[in-house]
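The structure is given below, and queries will be raised subsequently.
We call the chains A, B, C and D, going by the order they appear; numbering starts again at 1 in every chain.
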Amino acid sequence: MKRRPVVAVIGAGDAPAAVRKLAFEVGREIARKGAVLINGGLAGVMESAAAGARKEDGHTIGIIPGYDRRTANRHVEFAIATGIGEARNVIIVASADAVIALRGEGGTLAEIGFALKFGKPVVALDSWPEIAGLNRAETAADAVAIALRLAAAKSRRRR
Amino acid sequence: MKRRPVVAVIGAGDAPAAVRKLAFEVGREIARKGAVLINGGLAGVMESAAAGARKEDGHTIGIIPGYDRRTANRHVEFAIATGIGEARNVIIVASADAVIALRGEGGTLAEIGFALKFGKPVVALDSWPEIAGLNRAETAADAVAIALRLAAAKSRRRR
Amino acid sequence: MKRRPVVAVIGAGDAPAAVRKLAFEVGREIARKGAVLINGGLAGVMESAAAGARKEDGHTIGIIPGYDRRTANRHVEFAIATGIGEARNVIIVASADAVIALRGEGGTLAEIGFALKFGKPVVALDSWPEIAGLNRAETAADAVAIALRLAAAKSRRRR
Amino acid sequence: MKRRPVVAVIGAGDAPAAVRKLAFEVGREIARKGAVLINGGLAGVMESAAAGARKEDGHTIGIIPGYDRRTANRHVEFAIATGIGEARNVIIVASADAVIALRGEGGTLAEIGFALKFGKPVVALDSWPEIAGLNRAETAADAVAIALRLAAAKSRRRR
């Protein structure tokens, strides 16, 4: 079985409406392109991205910090209860072929750090200008296109 | 979205043919009943159970110990790369509504321990007679039926 | 720097007085022999073993499940806040040269499972008769003597 | 037992000599002030900081990514074998009262992200000018003084 590309969408759990709207568009676009969405499964950017992906019948995976899958937002199709707290951020990044970062705080910064460490492509969508080494996009469609292109290029190199 | 029940199938990564055959039947039955299979994503019981579930178009999740999703067996639809080594056993159990245990060794025993700790129903399929507090089944169909019945009963109590 | 041997003492967090007394004696004996005690850092067997070790000025390490080191019992000299919940059991076992198991429940069983998986010597002290492959002791002094002897033998083989 | 303050020193595992020298001075100063050093236990900044702390008979804790404690550098007094890979970065930060960051790459950035998330004081020592919300120091002595002062202030507020 050939697996579909997996894209992580990361950003603030407590995000303003404009950022949540952008996250929704990113999730929708990921599903339209046939990719799987993975993220932390809770609120804010995580919830809006999952809502967008489900709107287009995409698969959504939520890697939650606690043991109770009922804490995952309702757009998470597969809730993975890690119980490992914030360390679950590593799993989100490690399980993705590319990462799209929206505005966020310390937790998002940690995920970007791990993505750089693992050599995963990161696309910063209207965010994180201070961090070097990221790809840049201004629209949801561009972010997803860049992420999938970089993921495919990396996949080819690994074969 | 109402999520489907999730069943973990655990057992030896290096299992004899008879145990792998039983795991295949368990996986197939889980998919037939519309449940999702989760396990450690590698060889032996893990691979055979996933093969059985995919044969019936069921969803399969593999929670792998390392960072490289290519180590997941080819019947894993969604490969979660944890990088947390043997600690990923906790995630398998925590993410399931019920656990079906086949013959195994230390890693399987650890998973049974966590299931007891978390109060998850465990069905021992022709295995683990020495451990108290487990439900018992002799056939794959029985094991899945018991697991799903106990999972549903627990889900009702939590509402 | 040559590191001292490290012994994990595992058992119920909610243990009866007789078991706690035995844990205290085990901790005391570990310190007397110049070894370091490691365990989960909370109550019951964990607390009593640490109290015994500190009584003899031994070093004690508590690998706690949460992020707040104030939840470690007061006999823990070095509190490691993992935040990874029950998965911290793996760390306790992996960081020890030998494991002494007292009576316990699911969490203790999981630790025994990991110890068997990792090939760490396990000494069951008046407990776990149903699990094969463990060493047996009836007194605290015997348990510690066996644990340190097996740890030293294993250390020699690895050189 | 009142526990000593714990300071994490983070930075590149593959660091140039000038950065390693700075790390050594930081470790030495931590020990002189009676604090405990914690870090990832491997090479570069981690090894030099531990060497400095041991030079002054300070306690050093290494939270290593794998299962084999022999991979810890020889200045680690207590080697904690997590087996959880890069996720062990969370434990380093969570177990410290303050964090001193030297130059590093993705892994160090992840640790800074977690420190911000957890509200731990971070002192950037001649490094990370691009990240907002960090305290700044130019010398090892200043970095340790600031870290211990902030840790003490936070400890008082929590009582």
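Operating definition for what follows: a residue touches a chain if its C-beta (ideal position, glycine included) is under 8 Å from a C-beta of that chain, and two chains touch if they have at least 3 such contacts.
Just so you know, these numbers come straight off a predicted model, no measurement behind them.
Greatest centre-to-centre distance from chain C is found for A, with centres as Cα means. For the pair chain C and chain D, the distance between C-alpha centroids works out to 27 Å. With each centre defined as the average position of its C-alpha atoms, the distance from chain A to chain C rounds to 40 Å. Residue positions of chain D touching 2 or more other chains, listed in rising order: 67, 83-87, 90-91, 118. Taken pairwise by the contact criterion, the protein chains are fully connected, each one touching every other.
Against chain C, the residues of chain B that register as touching in their complex are 84-87, 90-91, 105-118, 130-132.
Those residues of chain C whose C-beta lies close enough to touch chain D in the complex are 1, 3, 36, 54, 59, 61, 63, 67, 69, 74-84, 87, 90-91, 94-95, 118. If you check the complex, the residues on chain C that touch chain A are 67, 83-87.
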